[in-house]
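The structure's right below; bear with me while I get my questions together.
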Amino acid sequence: MNDLIRFEKVSFSYGTNNVLDSIDLSVEEGEFLAVLGYNGSGKSTLAKLINGILLPTEGKVYVDGMDTSDETKLSEIRKTAGMVFQNPDNQIVATIVEEDVAFAPENLGLDPAEIRQRVDEAIQAVGLEKHIKDAPHKLSGGQKQRVAIAGVLAMQPRCIILDEPTAMLDPKGRSLVMGVIERLNREKGITIILITHFMEEAALADRILILSDGKVAENGPPKEVFSRKDRMISLGLEVPPVTDLTLRLIDNGLPLEKDIIRPEELVEALLSIKEAAH
Amino acid sequence: MSTLRLDNVGFTYQKGMPDEKVAVSGVSLTFDEGDFIGIIGHTGSGKSTLIQMLNGLLRPTTGHVYIDGDDIWDDRSKLREKRFKVGLVLQYPEYQLFEETVRKDIAFGPRNLGLSEEEIQSRVEEAAHYLRIPEKLLDRSPFDISGGEKRRAAIAGVLAMRPEVLVLDEPTAGLDPRGRRDILDVIRNYHENEKKTVILVSHSMDDVARYAGKVLVMNAGGVFFYDRVDEVFKHALELRETGLNIPTVTDILLTLRERGMDVDTDIYTPSGAAETITGYFRGEESK
Amino acid sequence: MRDITLGQYINGDSVIHRLDPRVRLILTLVYIIMLFLLKSIPQMIMALVLILSAYALVRIPMKMLFKSLKPIIPIVLFTSVLNMFFIGGDEVFSFWKFSVTRQGIYYAVMLSLRVICLLAGSSLLTYTSTPIELTSALELLFMPLAKIGLPVNDLAMMMTIALRFIPTLLEETDKIMAAQKSRGANLDTGNFIERVRALTPILIPLFVSAFRRADELALAMECRCYNGGEGRTRLNALKIKRSDIIAVIVFLGLCALIILSGRIVL
C-alpha cells in the first residue's frame, strides 16, 4: 500500500448543498496530479479535505494511512500534506521572508539550529536566497507565492497541495512558480496535487482528475484526457492551444498522433513528417 | 466623435525624491473612436500607470492627455466630468462592490452622474443585459453571489455610466476557462453593438490576438509597438526576445521556421496556424 | 503610501543596533526614569550629552533629530513660558501684571531640557529597532506574566500580523479609492456629513476584504500547524551577549554618575 492519499467514498455537503459526491481517489507517493474543473465543481473542497481542514460528511480520507478525522493525528497529517493557497498575500504571516518561512517549524517546536537549516534549505529550493531578509510586501506576486511554498516546504512535507497557486500571477511569475513545483516533484520526489485553471499547467502533470458537479468526470494521463476536445469543452474547460492546433492538423489530413500536448512534441512530430517526405 | 490622445505623456512616482521611479515616459499615441485595443506588457512595463492616467486618476508628470481635443487637466473643476467619458474597470473589480443589492451597486455610478431615477434604472437594466446578469440576481446581495457573477456585476457598474471609452485591466484574472470566455465574449458583444472604444489590458497574448483589432505593446515605460494585430505579430520574434509571452501557436511557427520549415510566422490563432502548416505540406507534396 | 515606516527605523550596524532589543528597551526606560530624578540644569545637560553621544555612535545626523523635535517645540516653549510667569520667587524683571522670577526661569529651562531628552531618548529606540524586534522584546519581557494567565504569545502574534498587514491594507485602500473615484465617487467636497457618507463605498469593501484576508490567513496558519503560542520556538531566539552586559554596566554607571553628581555639586 503505497498510496499517500486515499479517498474512500467521500461525500461532503454544506447544509443541503452536495459539494462532493462519493469520491474515490488515490494518489501515489511521488505522483503529480492536476485537478481541473469549473468554479464550484468542488476542487477547493477536495483540497481542504486532504489535510483535515474539512472533514467528510460521509466516507474517509487517509493521509499516509492516517484517518483525517482522528484529531490526535491532525498535526502529523498537516505536516505530511502541506497546503499553498491562491492569494500569496493572505498566507504570509511575518514581516521578513526568513521569519515567515520559519513559522511552521517554530510551531512544531524545533530548536533554532534545526529551524535555521530548514529555512535555508526551503529558501534555496524556491530560489529566493537574495530575498531572505526582505519584507514580503516589497516582493512581486510570483516571489511571494514562492515564499509561501518555502513556508510549507520547511515542514518537510511528503505532499504539497496547491490551490490555484498561479491564478493571481503574471506569466513570468506563473512560469517561475510552475518551475519550482515541477522541480520539487521530479528532484525531491514530493507528491504534488495541483488545482488549476490553466491547461498548459495541467499538461505537466502525470495524471489529470476532472471534477464536475462534485463527481469525478475524468481521471487519466493528460495525453488521454486532452485528446477529447469536445468532452473538455462540455466540462467547461478547454484544451491547450497545442492540442487544439494538433487536432486541426489531423482534421486536415496530417498523420499526427492526437495525444500531443506540449509544443516541443508537435514541432518534433512535424519535422519528422517533413523528413519522411524527403 | 471621441478620441483619446496622449501627447508625450510620462509619469514618475515620488518625483524629486531619492527613490523616484519613472513608470511611463514619452508616450504619444491616439486611441481612435470605435477601436478595440489590447495592451500587453510585463508587470512593471507601465501599463497600469498608463491606464490610470486615461481617466485622470493619476496626473501625468509630463505631457497631456486629451479627450475630444480637451486636455483633461486644463480645468480641474471639469475633471470629474471628463473622467466619466473614460470608464475604468480596475483589476479584481469585485472588491469595489459595497451596496445592499447588485442593482443598487450598478446604480452607484449613474447616480453619481446626477441622472434621473428613471434614467438610472434603464441604465442598470441595459448594463445588466450586456453582462448577462439575470433579473433575479439584481436583487441579491453582491456578497452573496458567485465569483464570476461578482466580476460581471462590477463591470456592469462601470458600463452603466455609458463611457465613451471602456478600459478594462485584466478583466479575466483568476477566472476559470468558461468564466474567461464569458467575460471576453460580453466585451466583444458590447464593442460590436455600441461601436465604442474598448481598451483591454491583458497578460494573455492569445486573448489579445483573438479579440483586439489593434495592439499596444508596452516595454520599460514606453511604446514598443502600436499597430494592427497582424502587423504587430510580424514582429513575433522581437516580442519573444523581450520575454513577452507570444501566442503558443506563433511560438510553434517560429520554432518550425528556425528548424528549416518555411512557414508564415505572423499568425496567432490555431486555425490560422493549421492552415499555414497544412499549406506548407501540400506545397511540399506538389514539388 | 505603501512605504510607511512605523517608528522610522534606520537600517544600520552600529554598536547600539547590535544590542539585544530587550537591552535597548530597558536602557531607554532607565534613561527616562533618570530624567525625572534629576534636579539641576548641569545634570540635565549631562543627560543631554549622554543621549547625543549615543546618537553620534549610531551616526544619525543631528538634522534628523531636530526634524523629529520640531513639532513639539511650540508646546515646549508655551509651557515653559507659562511656568516662567507663574512660579513665585526672587523677581528678575517684571512687566504689566507679570513678574518673572529666577526660579521660574530655572524651572522653564529644566522642563525644556527634560522634554528634549525624553524625545531624543525614545526616538533613538525606534530609530535603532525594527517593530519586529520590539515585539519580540516585549513578548520576552512580559513572559513572566504568562504564568498568571496573560496570553503574551498570542498578543505578540497579533502585533506581528498587524505590522505585516498594514502595508497590504494601505495598498488596498488606494485601489478601492481609485475604483470608486472611477465610478464618480466624490471624496473631496461637501460638508462633514456628506464626506462621512462618501466614505461608505470605501469602508465597506475595505472591511469585507479585511475579513476575507483574516479568514484565509487563519486557514493558512492552521495548515502550517499553528495552534496558539504554546510550545513555539523561535528562529532568531534572542540571546544576551557579552557586549549587552558591558553596555548595561557602562550605561547604568553613567546614569548613576549623573544622578550622584547632583549631590556632590549642590
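As written, the chain order gives the labels A, B and C, with residue 1 at the start of each chain.
Keep this in mind: a contact is a pair of C-beta atoms (placed from the backbone, for glycine too) under 8 Å apart; a residue touches a chain by one contact, two chains touch by 3 or more.
Because the structure is predicted, anything quoted here is derived from the model rather than measured.
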Query = Taking contacts as defined above, which has more of them, B-C or A-C?
reply = A-C
Query = If you take the mean of the Cα atoms for each chain, which one ends up farthest from chain A?
reply = C
Key: Separation of mean Cα positions, chain B and chain A [Å, integer]   = 30
Inquiry  = So the centre of each chain is just the mean of its C-alpha atoms; given that, what is the distance between chain B and chain C in Å?
reply    = 46
Message = What's the distance between the Cα centroids of chain A and chain C, rounded to whole Å?
response = 45
Request  = Would you mind writing out the residues of chain A in touch with chain B in their complex?
outcome  = 37-40, 86, 140-141, 164, 167-168, 170-173, 197, 199-200, 236-238, 240-242, 244-245, 248-249, 251-254, 263, 266-267, 270-271, 273-274, 277
Note = In the complex, the residues of chain C that touch chain B are 172, 175-176, 178-186, 200-201, 204-205, 208-209
Request  = Would you mind writing out the residues of chain A in touch with chain C in their complex?
outcome  = 51, 53, 75, 78-79, 82-83, 85, 87, 89-96, 98-99, 102-112, 115-116, 119, 135-137, 148, 151-152, 155
Note = Within the complex, chain A is touched by chain C residues 2, 130-132, 160-161, 163-164, 167-168, 171, 212-213, 216-217, 219-227, 231-237
Ask   = In their complex, what parts of chain B are in touch with chain A?
value = 42-43, 146-148, 173-179, 181, 203-204, 206, 243, 245, 247-249, 251-252, 255-256, 259, 261, 270-271, 273-274, 277-278, 281, 284-285
